[in-house]
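Take a look at the following structure, please.
Per-chain residue numbering starts at 1, and chain names A, B and C are given in the order in which the chains are listed.
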Amino acid sequence: MELSLFNILDVLGTVAFAISGALAAMNRRLDLFGIFIIAFVTAIGGGTLRDVLIGQTPVSWMEHIVYVYLIGVVTVLAIIFRNKLYYLKKSLFLFDTIGLGVFTITGVETGIQHNLDPIISIALGAMTGTFGGVIRDILCNEIPVIFRKEIYATACILGALAFVILHRLQVNTDLIYIITTLIVIGIRLVVVKYHISLPAFILHDKSED
Amino acid sequence: MELSLFNILDVLGTVAFAISGALAAMNRRLDLFGIFIIAFVTAIGGGTLRDVLIGQTPVSWMEHIVYVYLIGVVTVLAIIFRNKLYYLKKSLFLFDTIGLGVFTITGVETGIQHNLDPIISIALGAMTGTFGGVIRDILCNEIPVIFRKEIYATACILGALAFVILHRLQVNTDLIYIITTLIVIGIRLVVVKYHISLPAFILHDKSED
Amino acid sequence: MELSLFNILDVLGTVAFAISGALAAMNRRLDLFGIFIIAFVTAIGGGTLRDVLIGQTPVSWMEHIVYVYLIGVVTVLAIIFRNKLYYLKKSLFLFDTIGLGVFTITGVETGIQHNLDPIISIALGAMTGTFGGVIRDILCNEIPVIFRKEIYATACILGALAFVILHRLQVNTDLIYIITTLIVIGIRLVVVKYHISLPAFILHDKSED
């Protein structure tokens, strides 16, 4: 595995989602291996879905043992320093956001590398970014992140859109990675800080019950 | 993508499930992108599972951008005309039923095209037909459709069985598509109208608690 | 399909998980086809995930019709003799445990056969062993088995670890299968009998709410 910015981002997203998974699992009082498993599934979920949909198998974590070690080390650190992560919800939010930003971008890039249509690459990016968190929340019996009121999926769709546009403008790839990742993370930070949400659409249900 | 009846049915199922997903998402008060994502996942869920299990990757919606546009347009229309769809539950039921019927048949056909055993093709059809709705309901925190009292999976297994029998009898393919899709939809309509359900089996649990 | 111990174990795990799925579905008062579908998905879930991640498609149950017949027969028997399975929770636990032990080992073996790293083979084994039960519980709206207090995933990680070590020591393959399957099952039985659990890690959440 050569050391490109793509790989660095992939590793960063893996670490961030692993921490978010470990925190969620500790919050549910799972035991040691339960924590490791939730951390693992959260960290590899998005990338695994991306690889399976594309048909790039065995999926990437199977061919790069470094991910497994990394998740193991990060989980142990998250357990040891669990009470330094003072504010659980804030920590969970922060690491989830980093993972979201980074994985969205790796998903878009994978789509473009496979010559998929830009719109489809955006969809692949959104799925790659959100799937780990959704799986974590389903397994931990929480309301999935994509449901909470603040803009979530929207952030990653906008970041993915920026990626596709900058790619068309032939901006330097590494620069695109950094800008678009920061767009996703930035939108989430601003949106949650100021409780911004898109309007929902009211349904007047006239059914009997 | 040539325009065969198979493709027309696939498009019809996609549209129907997208509407059902958009309605379910609006009912949960998701924002614009949340609605789009649930519509998208519901519409492509069954076909994606089918393609992944068969090993036909990248999965079909990735190679046919038309699906993504279609889902986008349908979702916008569902939002605009949301209050014309007067009776939410009835509308949801109707579109879910059309999607179920159509996707069951595309699943069976895919199995037969890949020379899989007829029984396995029926199983593949049932999974393709039900998976989109199951995912929609899990994400929207509803009791999955396959659990509700009225006959659901049974309808699509019977339709798939009819498909396999008619195929053995070498009936014209397009005719098979239409008859079997109507069988699934017809069974669902009758069953829900008259509240028909198969008997459940009572378990006498003699455990302590 | 030649008759090796690997295949016998695979069949045994399929039968055990099918029974556990049928029991869980009857407990939820699903109708005949609902019971069959939950039995089916529980039985093939782990192996399907394993095959999809590895890229071995069409997945194995599609190429071996015997699995489908087996699940059908087992489900019918489970329904007929449902009230002989006196203690539902105990029966469910027993069959789930057998399935867990057997599928963990087939997952590790598949990883090793594909020349994957031992650590990754262990992860693949743990996923293969637990996925069927997790899917069953999610579909039946139960708390997933991996969350219950007693050691669960830990048992299958320890069994998988033993497999990898014995394989390095070049112990006879069939002997490895039997020993490691018994390790997983044995740990589960002892752990549940004596209510042994690993410590959870307490999080002091200092968030506002």
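Definition applied: a contact is a pair of C-beta atoms (placed from the backbone, for glycine too) under 8 Å apart; a residue touches a chain by one contact, two chains touch by 3 or more.
A quick note: this is a predicted structure, and the numbers were derived from the prediction, not measured.
Chains compared, subunit A against subunit C: the Cα-based superposition rotates one onto the other by 120 degrees, nearest 5. Two copies of one chain, subunit A and subunit B, form a contact in which under half of the residue numbers belong to both partners. Note on chain placement: the centre of subunit A and the centre of subunit B lie 28 Å apart, centres being C-alpha means. In subunit A, the residues that reach two or more other chains under the touch definition are 52, 55, 138.
By the touch criterion given at the top, residues 23, 26-35, 37, 40, 48, 52, 55, 57-59, 61-63, 65, 68-69, 79, 82-83, 86-90, 138-139, 141 of subunit C touch subunit B in their complex.
Interface residues of subunit B facing subunit C in the complex, by the touch rule stated above, are 52-55, 111, 114, 116-117, 119-120, 123-124, 126, 130, 134, 138, 143-144, 146-147, 151-154, 157, 197-207.
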